[in-house]
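Next come the structures, one after another.
Shared between the two complexes below is chain A, which has chain B as its partner in the first and chain C in the second.
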Partner chain A sequence: MRKSRVAYPLTWRVMDGLEGLAARLWPARFEKGLPYLMLAPAVLLVGILVLGLVQIGDSSLRVLDTSTFLMSEDLTLANYHRALTESFFATVAGRSLLGSVIVTIVTLIFAFPYAYLMVRTPSSALRKLLLVALFLPFFIGQVVRAYGWLIILGNQGMVNEALGLVGVAPMRLLYNYPAVLFGLVQYMLPFAVLMLAPALTAIPAELESAASSLGANWLRTFRHVVLPLARPGLVGAGLVVVTLSLTDFAIPAILGGGTQDFIANAIYDQFFRTSDQGMGATLSLMLVAVGSLLVGLVFMLFGAGTLAMTGERK
Partner chain B sequence: MAVASAEPRDSIAVSVRDVGMVFGDVHAVRNASFDLPKGKFLTILGPSGSGKTTLLRMIAGFDAPTSGEIYINDRPVSAVPPHRRAIGMVFQKLALFPHMTAAENVAFPLKMRRHDARAIPGKVERYLHLVRLGGYGGRRINELSGGQQQRVAIARALVFEPDLLLLDEPLAALDRKLREEMQLEFRRIQKELGVTTINVTHDQREALVVSDEVIVMEGGLIQQKAEPVHAYRAPANAFVANFIGVTNFIEGIVATRDGASVSVSAHGRTLPGVAVEETLAAGDACAGAVRAEQIRLAPHAEALGNLETLVEGTVADAIFEGERIVYEVRVPGLGGQLVRVFDHDPVNHLQFSPGDSVCLGWNARDMHVFKK
Partner chain C sequence: MSHEKFLTTEIRRRTLLASMAAVGASATFGTGKAFAQEPEKPAEIIVRAWGGSWVDSLKAGVSDSFTKATGIAVRHDLTEDNEIQPKVWAAVAQNRVPPIHINWDTTTNATKSALRGVTEDLSDLPNLKNTTELAKPVGLDGYPIVNTYGYVYVLAYRPSAFPNGAPKSWKDLLDPKLKGRIALYNDGIGFHFPAQVAGGGKLEDIPGNMQPAWDFIRQIKAQEPLLGEDPDFTTWFQKGEIDAACTISTNAREARKNGIELAWVVPEEGAKFDTDGLWIPKGLPENELYWAKQYINHALTKEAQQVWLDGLGLPGVVPGLTPPADLVGDPSYPTTEEDFKHLIRISSKTQVENESQWFGKFKEIMQG
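Now for the complex of A and B:
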């Protein structure tokens, strides 16, 4: 008896018991259903989101009665009309769209050399340093980081004090459009690098050696070999950055100081300041529509990049 | 270190002078010197880690030598970046551009080198024909077979008429039949264009088949530079003898030396052979090397005729390889050493089985004696 116990350890018996239990709860003939069962939580979550969208759609068709502060009973397109005609909303939308495009371009330009160096450096110490530097901001969080910029860029901040030492009068570095774009680029950089790195890893270094032996200097190697092959990574990273910065709330709120609102800030104001749920819902839906349109357009023009896991790329 | 060269300077395509490469404290290449005349096909042969690829990368310009100088067409090239050297290279993994068609790949060096744009399509077509890929120009790289991709890589490396073609083991990944076909293809194209070629490989058969000259490398040092036949028949040292072909080594002491002939005393026997090194003298520890195919094998000593060295043994293993049988014979007279023997006549010849008593014989001139 003792001998057999050694040959068949306790952990195996426990596993056998668990497997038996699992087989009773989920018989083998249900096996085909298992993948769908595992899909269920995700489907449920997305489903709730869709229900929310329907609810928002309903709200967007009701206007706020300013005398009673209740939503109207009858459905109307007045909110959409206001959103499309009032110059305030056009300004916010234009600022957000232009901002997200600028942020995306600048971020990609900054992220590319970073990701390239991280992938290609022969020194593993440097690679680790670059990776840690990349992940550190993630641990800090967006609001704290934006607050950090307030301290650094403020009128009595480090930058202005340093400028004061060389005789430059204090400058207003905060609460303007460039400050918001600067904060967004800094916030987006790690995302872009993380999306680009796998795409660059997939380009064999030998291709660049080959290009140079065939007569291409580094600039032409970059232009004709690296850039075209990195396109899926650039598209993927660009999509992530453009959607995240278009919908960002904290950076425009903190670094813009209320003067540089993006769409998300306008939505927040409608819901929580003026309590105009209808207008807030309208702006939300329009943001979803514009974002989807933008992503769809990029998909059509450039393909889905690294976001489409077709396995076609080698 | 001066290397004697009978060639006039202007016929030398590549001249490597005392080139060394140090990575940290590893000497990847030490004091490598050789001259390669124009139009010749040179193979650098060696095991992995022997420094052969490092040497090739220095010639291509991807790495700068830590000492010495490389001359291409009599011009020092250490300060010349790869894209300014006129060198075509076929890479180990081919390094074809996957986002271009076969024709675009071949046109790439012409565009980068700013050739006349109107002449490019014609030239691309001509080189695709040269590598027997006429009509395949529009194919994407992933629509081509392994052998076809090899051919695109060759066409791309040759289309701009480089001074020098470098091959970095491009055939290593192919299956044997395709590899042998491509070896002959390299040979044909090289002869047709007359381009000076340096090939790097660990495949001794490839080195013997394709090359005009062979350099054998080991431990960062050039062990021998010779024509293939010469490297095979007269290896310069024990490493070369062991690396090319299948060789049996019999260890012993030099008993006497008279000119090139030596006698080796091993395990109480005296075996006649020929000395390779000048410095080998009586009393030196040595190893006699005999190729597996230069040993005859028979049931009785009489059947071996007048071979100068005869030993007796027992068959330990018989391996049938199709065109030949490889015997491993245990020879008590040589301290129980296993001697490998190729028998190339499996049809008419007697076939021996493990346990059979046999007699082995070879000629004195086929035993090369090296210093230990």
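Now for the complex of A and C:
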């Protein structure tokens, strides 16, 4: 009796062929090696990063000879000594660290209610509106957004014009530390909301209802139920915001008026203005070290939050 | 590696032949004829330039006429001068073809590249014989760079902010009413030397003792100046953010062209005079090197300089140029010995050797 073509369709035959080919290329006895093979791209990527860091480490041990503008042949710790003793670098590092902490705290305070409302609202229209408002800034680059603030907050900007209507003289709203922090908070807000939203979604709404039915008011429910359960999201969002703020370049450069440099601006100056690759490499490595220490400290104190790889609640 | 080794690179036979051809061909350049031994023309040459009115002027004065005469297109690469430098250095170090044919650069930056040994020698350009002393880089052997014009870091101001008349001294910037209303370059360039005088010091003490300059800059810091780059000054004047700035006269003139009420002076302490130039990175194919040299040679013709520098409002390196009508007798357009007496010129070598330290000190004061 002739076989029905329908009983074993062509797509199945193709799949069989592919499976056969895969079995020949990667026999079953290699199965144990599969996880390692899947790790290969990550190892390659990390390897390239490590190679880059080694190169930067080597540069950091060489000083610039201003008679030839070449790096010294000899290795020295002179750049590290400069970085640790010159007050300029301490000022910039202190400003960056303090700024990133302030930005993280303020961003989380603003992001939390936004994410909570987005997750809990029964209105799909409001949820969509909040999502659109969240994603819209991603289509506008950081530099463009910073220039937008120049237009809005400038001496002849919209805010000062509005103030002028009520008789307030134009005031300097830009080119100072608060302007830089403001710009960073605005830039970081979507990142924080995106990190918080999954953590809040994972909190069953019934828990809040249960707390309420047991007599807890909104504040107690928030403090004893929502906040502890949202901790993974807060930690994840905090880590992302603090590291991005610490290493930011454009916002301090544009909104700081040249006097509110962060570490990244100082690194740029060393590489591109004074042509001192050694000093630039030194500051880069120190930034990586400080950022890693900061993240490590948070991991130790609060766990890895939503960045954890285990899937367990911490 | 020694400095001398970089600046006295042995001339290779092919380079010599190409240079001789360049000299020969230059005799007919501009007539549309070509010598039989002219190397193959590249489809384009890439010239790094500053944007805005700077590149517009270069295009109008040099690039367009070069293309008309040779048929070679000129592409302007607007990568920042500080950012192209490490790319060129890396290309030369790795024996790669550099990303540009010609770098339009500050003489100070170009001197760094010359000291590093990444610049081609331009001593064989025929039109150099028609140039003034200004074209020759000070403190370097030969012509690793050709200076093409000079400029002055003037005190530009908004006349309405100075109702009692134009400022006479850099110290006028310390007026309390100017707090938050003045601007300097973010690395202090252009301001260090007049600050040395305004702070009670002597120019002869540079670089040994610049304490007077740092003391004066500390006083200026208390005025909360904005720190920026060329385009920022024009924008800040236009947006009403500042009333006075130490900036290159070209930026002030550009803002005035855009309808902003603006004037400038060379204060009694003097103003820094410096130069920009053109140079060619090593590593270009021989034919492209030849045509890059032709471009610079063309930039040194009176016709090209006149149009180019009319646009910039700056004095060139070829005698007999006519100043733009709005700059006749202007201190930012020095032409006579008397004009130069009020200007401060420090050798590029001194600047290059100390720039990093000065920059760090300026940053330390301003970021503190």
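Structural remarks
Following the convention adopted for this analysis, the second predicted complex is superposed on the first by the 270 of 314 C-alpha atoms of A that agree within 3 Å, B and C clash if a C-alpha of one lies under 4 Å from a C-alpha of the other, contacts with A are read in each partner's own complex, and residues count from 1 in each chain.
Basically, a contact is a pair of C-beta atoms (placed from the backbone, for glycine too) under 8 Å apart; a residue touches a chain by one contact, two chains touch by 3 or more.
Everything numeric here is computed off the predicted structure, so don't read it as measured data.
Overlay on chain A: chain B and chain C fit together in the combined arrangement.
A simple residue count on chain A separates chain B from chain C, and the partner touching more is C. Measuring from the middle, so to speak, at the Cα centre of chain A, the directions to chain B and chain C differ by 160 degrees in steps of 10. By the touch criterion stated above, A:Asp276 is placed in contact with chain C alone, chain B being left untouched. Legend: residue contacts after superposition of the two complexes on their common chain; A:Gln142 is shown touching neither chain B nor chain C.
Once the two complexes are laid over each other on the shared chain, residue contacts for A:Thr243 go to neither chain B nor chain C.
Contacts of A:Ala210 after superposition on the shared chain: chain B is touched, whereas chain C is not.
Contacts of A:Val225 after superposition on the shared chain: chain B is touched, whereas chain C is not. Smallest inter-chain Cα distance, chain B versus chain C, after superposition on the shared chain: 47 Å.
Chain A uses no single residue to touch chain B in one structure and chain C in the other. Taken in their complex, chain A has these residues touching chain C: 64, 66-70, 86-88, 91-92, 95, 154-156, 170, 172, 174-175, 257-261, 266, 269, 271-277. Those residues of chain A whose C-beta lies close enough to touch chain B in the complex are 204, 206-207, 209-217, 220, 224-225, 228-229, 314. Across the interface of their complex, chain A is touched by residues 1-3, 6, 80, 82-83, 85-86, 112-113, 115-117, 180, 186-187, 224-228, 239-241, 352-356, 359-360, 363-364, 366-368 of chain C. Contact residues of chain B toward chain A in the complex are 60-62, 81-83, 85, 87-89, 91-93, 95-99, 108-109, 112-113, 142, 156-157, 160.
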